[in-house]
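Working notes, beginning with the structure itself.
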């Protein structure tokens, strides 16, 4: 289990996150909904070690404390992040991107099988393995990013707005592949703007507003909550 | 009836292979508040950057009333009377709040200096609710106050067209009400505004008309109610199974 | 002027008093050659020279954070204007010409390099100085039939001193005026955030070029004033890259946020370098290096920053309101 | 025609310096203006090894390069990392690293003057002719060129066909993402910085066999390396090699056909033109 | 108010720190010397200039000092590095005069630096005995600055002698008349080039390649290969030490096939033979001495013993001679009065290691101009009326 307790983050005078607590089980999808600027990206960055939390926070993976560890150690502890904007190595080939996913020593064993798995989930990546990543389309780049994260043998996968900039069709594909990944036993923490689609595949959801968690619950319940609809679904569906 | 304050005509912007804004046309009438909405990554901010001159369009034309501003540099467009805020607040950290606002009225559309600039800036700080922060170093302002300050700086130029890029994002509900009220007042005074926004409440309450973008294409343009009930818009926003 | 006073708070009486103090100080300093014409005059010439150079450098590099290593180029151009023209053209005219030529070249450089920032600008300006030096050397050795030019004048050390002192006064006044002007304010905004500056209607390109030209022109005049002191001008001495480096460290050591900041760096450094040059001639370079690193690690905002932090601590403990 | 071979022979050694700098700037993000001093230091080391112990400079690389690696590792860990940690933006890091390495430059230069004096140094190693296409060239140059080619080739294989080499390239492309795939970015940066220093030192050892060197010439080489790196596009190893050969050719051509007094001017002129018209480098891709 | 205070405090601190000036007075004569210890000419100065000074100081103080009006005064020398820069040389000399209050100056090393320093030395009224400068301007310069004395000769004499040697070789049928000529872009090289070119042309030589190169030139392959491409019969380089070595090494590598190979300063260094071995045979170079002259062997041995270095076969003894002249003039005047010493130098006859020297309008008119490595010794082959000239030999390959 990935567990976050009392997490606060401060940028200068600006409080980005305030006393956040949440958890993620293996094999489940939890989605974090919130407006731009609510602190979603900061939350993922903090869990993955790119941003340091205020004292008092505790982040743990299967009871192993990873608070304050450098990012590369946290990957080795089993948490992978697909950052906003994908963060692939553009000048490198698809194969090299995937290979680097398995750079950490946690991922050396079974690297070949995982590559096979990734190629099963994203057959395109097998076809394009020697292509330079930068020259691929947005959706394909997203596949590279997720594939690379999977290569690191994560127990928990975090994705920051993976559907950003994808056409509706592509993002539907993407969400399908996330359910496929969940089946392999990986826990997925998803940050999304696309509330409808993400709630549809998620087990649980957190509502984040101005750095605070203002609500949480089963995804299905939240999807039908009028207040949630109004705030995150544009309310259009209510009409 | 009268000439629109802004007309965008067949505007396209390429970044390498990526088409961020694809053949978009729309108009903003004088005194109108137009909402520019769409999913993240749909090209809204790029649109604002094209209008304000941060980027040069690949093809197409932008007119500010009768002036062609298509390929003008950002500072020239600012001098024609276009002012903006930024998606991620950009205040001038080494200046005081007052100096930040003065910066808005020295070089832009209406050029003020000295006493006049000072008075105007003080008035604007009052207006956005920062009266007590005139001499506060800006980096110790809270997020909402920084947003207010940025708005005051944009207003200091007496803009003919004001561009707000997710100005309401990240505000808590009570702040949001204050923010919406402030924009509403501006509209009532006759300022022409384009706002990129995700907060649907605000869009509903404030906008006279909306343009919706998705993947760089304009998918709807009309009154707020019409646009938000457009099936294509719902699909773009909410995913296809909904349509 | 009084119209502007309120914008940036404190001026008027306090500033007048400071101006008066400064005038008195300058007058006193100007009498130095009456007391000593040897060592103290000589080192004072160096100090005043670097004060002018560093202050002029900071006019541009302070607000923009562009580290220019073109000082040697402008300085050398000024020196050469005098060296070439001294036989035929009256000296004061040459000073004006030095300003025009250096300022003009600064303008061209500015036009060409505005797109460059960070490392590229630094390296470009260094490369430019070297390029100019190489070309001057080549032209001189191939077409003038000698490796240097004699500069014979009646100008003595004390005249150089007075001229530099006069130029220092001018630089401070120019700097003060710029700081009070729209241009100065624009530079502050550019230094904070160039994108915002553009969207506020500031022609950032012209503003930067203008300031670079002013800075370059002043540096050129310094070179021109120093030419008679050389007596024999060669490209390696006129375009000595060390000048560029020393100006950067001295200005940064002092601090570039205030007009008088560089002064705080120049005085200790000039004396330090002089003494090191005498007592440890082989270690000059090590001392410069250590000084450079010390500034980067220990005094990122210079002596000025240190003073202001201390001042701030002091004032905030006594009274609360103090905007700047 | 002989200028082509002379130019290539010279360019081959330049390539190593440029590749060294591109690793330091492209991967470790440190604009190391003391790179040239590093090279000169290696010249002195090679000189000393040769004159005092009769160890030839090619063999000397085996001693000099690892030493430079260790020293550069220490420099990065103790002098550069605080700057990396302190700098909030890459722009700040650039300015800070420029200033700090300026300092380093003067300190190294001072140390060399202190230990070896300010004179011009040269020694005779393989200073004999070898005939290529009917012209004689210095055997030392030919040997140095071959050694440089071998080193550059090995580096290329390392960067492209090993796991750690790929990781180094990944750090160059995107350090944040690199940390997200379990790459220890600080260590990879230190490694790249040290490796860059070692390559530069190897180049210095080779160069010393046919060049007159002195403690003051570091800046010339830093500038040359910068010219090459900027011409090639930062971080592009293959481009750097090509650009280095081009610079060698240009310099030799100017010295042969125009005037030896204008070679340096030619270098800087070329550099300024590239900066003005193709700031992303001749071979570099534009990023926007 | 704070600004004023800060300024005052700092100024006070600054002045205080510089007030520590030693004013100790001793019964010694203080000589100031500024010359290269770093930079392109450091190598040359380390051979010809500084050791000669060291030897002289050791010799004089070994005798108990200079006789000044019947009283022996020890000498001390304050040395500064001018980094081979004229600007630095001027600064150093100003400091020597104003701060160190030296009694006399030892002239700088090299043509360029002596020319650069001449005005400031003249202004201060010190004698300047330039032993390592060659210029055609010396007559005029000596008129302009009557305190300056020039021992090493004029560039046209040097250039003319080079041409004379080539003519000799050509007349013997050893070489043809195609010449490649290059020069270092420093005062010395430029002057010799300016004098040498017309002289070569006047003597009917065809200049097939010419170029100048900067003082800091390091790569000589392009120059030699360009010269080689022009297929000259003789190669002349008006070069300074660094380039002399570089050009020779490159000529050897390229196997430059010429019957006469002339390189300028440093050819006369013992190290030249060391670096080039048998390949040095037949190489022509600037200046010379008569190695067989009386006392020379003894002086060279003392030089080696005191300084640990071999003296070169040209400028080392001349630098020493310049110092001997200064010493003898002081003794003759009997005081440290600079004006009197200057007047004395003009008219005196000096007894030196290079024999008797007298000056004609501040200029030494008798000197060696060209030497050649023959059988492991650097021998004079041309001069302006010196004894002991030998005939030049043709250069036969580089092995």
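To keep things simple, chains are lettered A, B, C, D and E as they appear, and every chain counts its residues starting from 1.
As a convention for this text, a contact is a pair of C-beta atoms (placed from the backbone, for glycine too) under 8 Å apart; a residue touches a chain by one contact, two chains touch by 3 or more.
What you see is a predicted model, and the numbers here were worked out from it, not measured in a lab.
Farthest chain from subunit D, judged by C-alpha centroids: B.
Between A-B and D-E, more C-beta contact pairs join the chains of D-E.
Ranking all chains by how far their C-alpha centres lie from the centre of subunit C, first place goes to A.
In terms of their C-alpha centroids, the spacing between subunit C and subunit D amounts to 33 Å. Note on chain placement: the centre of subunit D and the centre of subunit E lie 37 Å apart, centres being C-alpha means. Once the centre of each chain is set as its mean CA position, subunit B and subunit C turn out to be 42 Å apart. Looking at subunit C, residues 134, 137-138, 141-142, 282 sit in touch with two or more other chains. Contacts with at least two other chains are made by residues 37, 81, 185, 212, 214 of subunit E. On the side of subunit D, the complex with subunit E involves touching residues 2-3, 6, 9-10, 113, 117-120, 122, 124, 127-129, 135-139, 141, 211-217, 251-252, 255-257, 259-261, 264.
Subunit E meets subunit C in the complex at residues 1-4, 6-7, 10-11, 14, 17-18, 21, 37, 80-81, 85-88, 90, 94-95, 98-99, 112, 115-120, 185-187, 190-191, 194, 212, 214.
In the complex of the two chains, the subunit D residues touching subunit A come out as 163, 166-167, 169-170, 172-174, 176-186. Only residues 3-4, 6-8, 182, 185-186, 188-189, 191-193, 195-204, 321, 323-324 of subunit C touch subunit B when the two sit together in their complex. Considering their complex, residues 36-40, 42-43, 46, 81, 83, 185, 211-214, 216-219, 221-223, 225-226, 229, 241-242, 245-246, 249-250, 252-255, 275 of subunit E touch subunit D.
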